[in-house]
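What follows is chain A paired twice: with chain B in the first complex and chain C in the second.
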Partner chain A sequence: MRKKSKGKLAFDVINFSILFLLSFLCLFPLLNILAMSFSDSTSVAAGKVLLFPVGFNTYAYQYVLAKSAFWLSLLRSFERLAIGVPLNMILTIMLAYPLSKEAAAFRMRTVYVWIFFFTMLFSGGLIPGYLLIQNLNMMDTIWALVLPIAVPVYNVILMLNFFRGIPHELEEAALIDGANQWKTCFKIYVPCAKPSIATLTLFSLIAHWNSWFDGLIFSNFPDSYPLASYLQTVVVRRDMSLLSLDDWKTMAMVSDRTVRCAQIFIGIIPIIIIYPFVQKYFVKGMTLGSVKG
Partner chain B sequence: MKEKIKERKYSWGKFKRELPLHLMILPGLILVIIFSYIPMSGLIIAFQKFIPSKGMFGDQKWIGFDNFSYVLSLPGFTRALRNTVIIAFWKIILGLLIPIVFALLLNELKSRFFKKTVQTIVYLPYFMSWVVLGGIFLDMLSPSGGVINQLLTYLGGDSIFFLGDNRYFRPTLIVTEIWKNFGYGAIVYLAAILGIDQGLYEAAQIDGANRWRQTWHITLPGMRMIIVLMMVLSLGNVLNAGFDQVFNMYNTAVYETGDILDTFVYRLGLIDAQYGPATAVGLFKSLISTLFISVSYFLAYKFADYRIF
Partner chain C sequence: MKRKLLAILLIFILSVCTFAGCGKNNTENASGNSTGNSTGNSTGNEDVNEGSTTTETNDEQSTGSSELIPITFSRVQSSTEETDIFAKLDESYDDNRWTKLYEEQLGYDVQYLWIASSAEEGTQKFNAAVAAGTIPDVICVDKVTLKNLVEADLVVDMAPYYEEYASDLLKSIISAAGEQCIQACTFEGVQYGIPYVDCDIETAQMIWLRQDWLDELNLAAPTTTADLENIMKAFNEKVGEGAVGIALCNDLDNVSMGISGWCNAYGAYPGFWIKDSNDKLVYGSTTQEMKNALAGLADLYQKGYIDKEFYVNDGTKAAEALINDKCGVMYGWHASSLWPLQDNIDQNPEADWMPYSIVMENTGDSVSPGVSMMTGSWYAVSANCTNPEALVQMLNLYCEKVFDKEKNEYSYYANPGDGLEGVWRLSPVTLNTADKNQQTAQAIAEPLETGDPGDLYGEQLSMYTYSKAALDGDTTLWGWNRVFGKGGSQMLLIDYKSSSDVTLVHNEFYGAATETMTSRKSTLDTALDEVFFKIISGQSGIEEFDEVVASWYGAGGQEMTEEVNAWYAEQ
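Presenting the complex of A and B:
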């Protein structure tokens, strides 16, 4: 190799700096919130906290964890994940398998695909969706949070395309061995598609955890909020009930700001925990459906 | 004759074989009919004087296009439409451009370790909800004690009320949206770059092409298909200004530049309980979006041979 020219070197340095800065900009807001949540309220108010806590303490977290509304909403979120994610996955598999068949092997296939695909093109929108839940008497129930998004059509299409890549011979061999469609689906296709299923499970998990608007509009009582909706009311909408003066605040151990930072950080803990697993798979999952070329 | 019997037998066998496939689809089909198709038919509310106590498909009074003309007379509607298109336009343009530039820069990095680290960090915000990010930006951009304004005043500038000033609200929305999504958006381009034949670069080096020319003549043409595809598919977002983001970042002071169709529908329908007019706005938005999405898929199919199923 020849020695690098000055121009090349300059480019490398600038490029490295730009990317370093971009990464820093992506990480800074999260680190800043984390640092403030562990700092004392006077240092936060004085603007002394950037990347590291000043006057380290855990009062803000103790304050958040002492609220019964927080625990109620967390429980609700877990309930939502426990029902919503398995429901998403079982429906995704049960839809993707038949729809992955050629039209010659399953005549109604194209009709079904269009019925599902059409929901990606057109929707009734907010008001009819809201009135439906109300008319079905589902307000404040967990079903309002899991059933309307039980069929993730986009995930079905990703899964369907993956199933299509599985060699036909496997299915034929299974048929000759006397396996029926259910067995072929769950004993042969599903084990082959483990990485895709893992990716889609993680995506469904994140979607349910992050989903906040449905919890907000499909609840008459704040007691039925999942955590994301609860956080929306306390961190973004800043409900007055939270701004009440109590012992903690009069003693200046916490401020509204440190409490909000703690709440925000608690809201992203699950994302950070599963993020390494997501990252392992998602590049594959993303390119799977979109660029088949 | 013999052949026909054979065929019919075959059909019966075929039906028996297809029956489980129908059964597998049934639960999903029922759910989609209830939770997607019934709301679609519920759009008829747009043409009714809707009284909630009579029920969704109750005996409502039909009023033709009255809801539409009422909505058009509201100053908030044209404002929301204008804001939606402007915000969505800039999000689409920059949302295409910046991930491409980022992917090219990342591709020039020699250190694999640094490349991986950068990727890990910049993908992260994509997975966070706008509730959390809205909370973070509300804090960071606050005119009293927010870290950004601290920096501005430290540098000798005036502090700016980013989320309360109509001059700054839209740019703030656009920048924070790009911040959240540019890393994730670059994945498809990075995948396309990986697919380029390495031999082309070797040949170019022998011919004396520098890195800039290699990018211009090899990398970019190699990404052409995916760039065209992403451009075409982004057409479907012309009326998607980002409800989650706006809802969690706007306030009454910036309705003038920040109120979008989705937030307008929310307030008109769920806060003011004007179901008919709100559904009319929703129907208007759905129809235009459907048109654009369909056209985008058609163009993608036509020019990039893109088939989603």
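Presenting the complex of A and C:
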């Protein structure tokens, strides 16, 4: 191996230590939560837990896993992903493909794009949204969580630009060979856009997994909460000092910080598992074209 | 590689689909009640939407009696306790012993429009429902919301129904809490609500001291601020490195680790509206006494008794000094032994705390803790409800079952015991007695001495059991004994009430927030607090106080004071 120059070595040392520090800063809160979830509650209250559990135990996990409400909301979240993500992707592709055509081929194109773009900037607002869902009788159904965000306009615009990057000649060749627009879209464009589709799938996956506000607003009963909404209600810290004696009687057994930490951690596991598989497309998918040479 | 990825994605999607499939089945099986809820509920919704009050929608469940009148409610779930109950009983929110009782005796069918999982979410839901024009028939709201509802003409005048239907028991419970609760829900002479009465005296501040340290150092109970300072001094010397004299957090009006107890010593009542020498109401945070109290705190800070960074510590952070045996003095309220002090005992079972009456600036001053109205919610009935008397009738029945001295049915309807408690929560309307906790403390005092629970029942029995266990050495229940046991906080509150040395100072304004308050009070309070922080931590001189008070008056305080005095004149 060639010897590195002093300057390069110094650069490496500094570079690595800064990067290490940065990644540690990102990881620390996560590790802290993990450590708290495995510690006993007294040590957590005394502020003794930093990176490693103090008084190791798995009580918090046992407690969470024994709770039916947690499992119900987890299943609800999976249901939401199973319906919501494919719906997102299909609509995104079917919308982005025609809109990526030249104005010569699709005359009203710009108008449509602006109409969609408009919804990115302005929305009806909370109350009209609530009224709409209520009057459509969709309260407490999975559709209230899936349909309002079925067309992620931001994703559509990304997809649209990606399609535009695909050489025009591919489409012409396909049309000359007798493919219709459907075929061109799904047999030529979609395979070419796989990296970008993977990226957008991840976007929509995360958006569905993390969004909690719609779950709270569009459910009348806690049984229909998705996981994120459920976690939000247990995780947001109660003001302990304001609890009345009656609340304390209720709280006597219940969720302290360790349990909340355990729930947060279980909640992020699925995303952590999926991330490494798709993450590499994050960079590549956005920048690389499909056809080489 | 691409194929591999595709395979993984496929597997994932497949497994998700299977899971989702299970999910559906599970939800339907495991919580048949909940899906029952939502379907029952959606029909309820339509009902309201159409504005019709016909009853044909609810005969699925009702047993033959199609004459039932549906009454809609909403509720905030107190998750653990209720799921515990449902795990043990085959009952649900819509179908339980209370709803059956109301159905059989009064002919009302209880329906929930929604169930929120937290109070905050409940408020959001409620606001959305107001906008949608579909509020439940019976609601329980705070006074600001009630005022808005009254102004929007959405609730009915409750007084005639209350007069006509309320039982003597119900009336006695509500009148025991004082006139203020009723006046607070009375707008232009019309009573729009029934108060969910709560205990005012429990808002009084007290001092919690490390009893084991007091004993060890042979110190007496403090009566003046100077005594208290001596105790801090002695404690700090004992603790040494890292000692904190008095725990203070960055929320100055917090009931634990706030400053109001300290201010009371100087005759200052921050956040209260109190009478000045001219019998006009003034804002307690802006008085001359407040200035003295702040000077006192600044002095403590300068001498090193207050954490140098208290203004960035929230309650949890500030409590760490208490929990880690670094601090032995805090201002708190009656439940402070449950939080944060119980955590200290869990950490160090040798530790012990006792509540003491607040101190005064000079020897011989009459002890005068501030007391404000604790009652925070009122029942009201929607203007669309065809049977507004239902609320009163249901409350009657509730009181009869839960508070009746004969208590024949107490154990069935309120606390069956054997690990099954709080069944009373299943009723869509509940009520408290204002002095419940003081009564409990008095009732269990003698049994605790003798060790014989006698004929205690229900909640009093539980509190006896907790306190007794704590006395017998179970340190995890220590906090309960310090609330209800001998020398505990409830006994101190009883003392506050009955002792001739104590003059309670009441917050004289208990109406709904006035117009200027709604728009400016929180901003103005923040501005005051910022200066208070600076004064205490020595970043500003005490003379800054006069300036901020002047600007407080200029920026809306004057209007507020006028509005409050106008309100006061009407009472």
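The rule is simple: the second predicted complex is superposed on the first by the 237 of 293 C-alpha atoms of A that agree within 3 Å, B and C clash if a C-alpha of one lies under 4 Å from a C-alpha of the other, contacts with A are read in each partner's own complex, and residues count from 1 in each chain.
Note that in this section a residue touches a chain if its C-beta (ideal position, glycine included) is under 8 Å from a C-beta of that chain, and two chains touch if they have at least 3 such contacts.
Bear in mind the structure is a predicted one, so any value in this text is a computation, not a measurement.
Of the two partner chains, chain C is the only one touched by A:Phe277; chain B is not. Within the superposed three-chain model, A:Tyr130 lies in touch with chain B and with chain C [touch as defined at top]. Judged by the touch definition given at the top, the superposed model places A:Ala45 against both chain B and chain C.
After overlaying the two complexes on the shared chain, residue contacts for A:Leu121 are found with chain B alone; chain C is out of touch. When the two structures are aligned on the shared chain, A:Gln62 is found in touch with neither chain B nor chain C. Between chain B and chain C, B touches the greater number of residues of chain A.
In the superposition on chain A, A:Met139 contacts chain C only, with no contact to chain B.
In the superposed pair of complexes, A:Val151 makes contact with chain B only, with no contact to chain C. Look at A:Ala82: by the touch rule set out above, it reaches chain C but stays clear of chain B.
With both structures placed on the common chain, the touch criterion links A:Ser23 to chain B but leaves chain C unconnected. Residues 45, 47, 126-127, 130-131, 134-135, 217, 236 of chain A lie in contact with chain B in one complex and with chain C in the other. Residues 8, 11-12, 15-16, 18-20, 22-23, 25-27, 29-30, 32-33, 36, 45, 47, 50, 91, 94-95, 97-99, 101, 106-108, 112-113, 115-117, 119-132, 134-135, 147-148, 150-151, 153, 156-157, 160-161, 180-182, 185, 206, 210-213, 217, 228, 231-232, 235-236, 257, 260-261, 263-264, 267-268, 271, 275, 278-279, 282-283, 286-287, 289-293 of chain A touch chain B in their complex. Per the touch definition, chain A reaches chain C in the complex via residues 41-43, 45-47, 67-69, 71-72, 75-76, 78-79, 81-83, 86, 126-127, 130-131, 134-135, 137, 139-140, 194, 198, 201, 216-217, 220-225, 230, 233, 236-237, 239-251, 253-255, 274, 277.
Touching chain A in their complex are the following residues of chain C: 2, 5, 8-9, 12-13, 16-17, 19-20, 22-24, 26-27, 30-31, 34-35, 37-38, 41-42, 45, 49, 77-81, 83, 112-118, 120-121, 124-125, 128, 131-132, 134, 198, 202, 254-257, 315-317, 319-320, 323-324, 334-336, 338-340, 343, 346-347, 421-422, 432, 437, 459, 462, 483.
Residues 17-18, 20-22, 24-25, 27-29, 31-32, 34-43, 45, 52, 55-56, 102, 105-106, 108-110, 114, 117-118, 120-125, 127-129, 131-140, 145, 147, 150, 179, 183, 187-188, 191-192, 210-211, 225-226, 229, 243-244, 247-248, 262, 265-266, 269-270, 275, 278-279, 282-283, 285-286, 290, 293-294, 305, 307-309 of chain B touch chain A in their complex.
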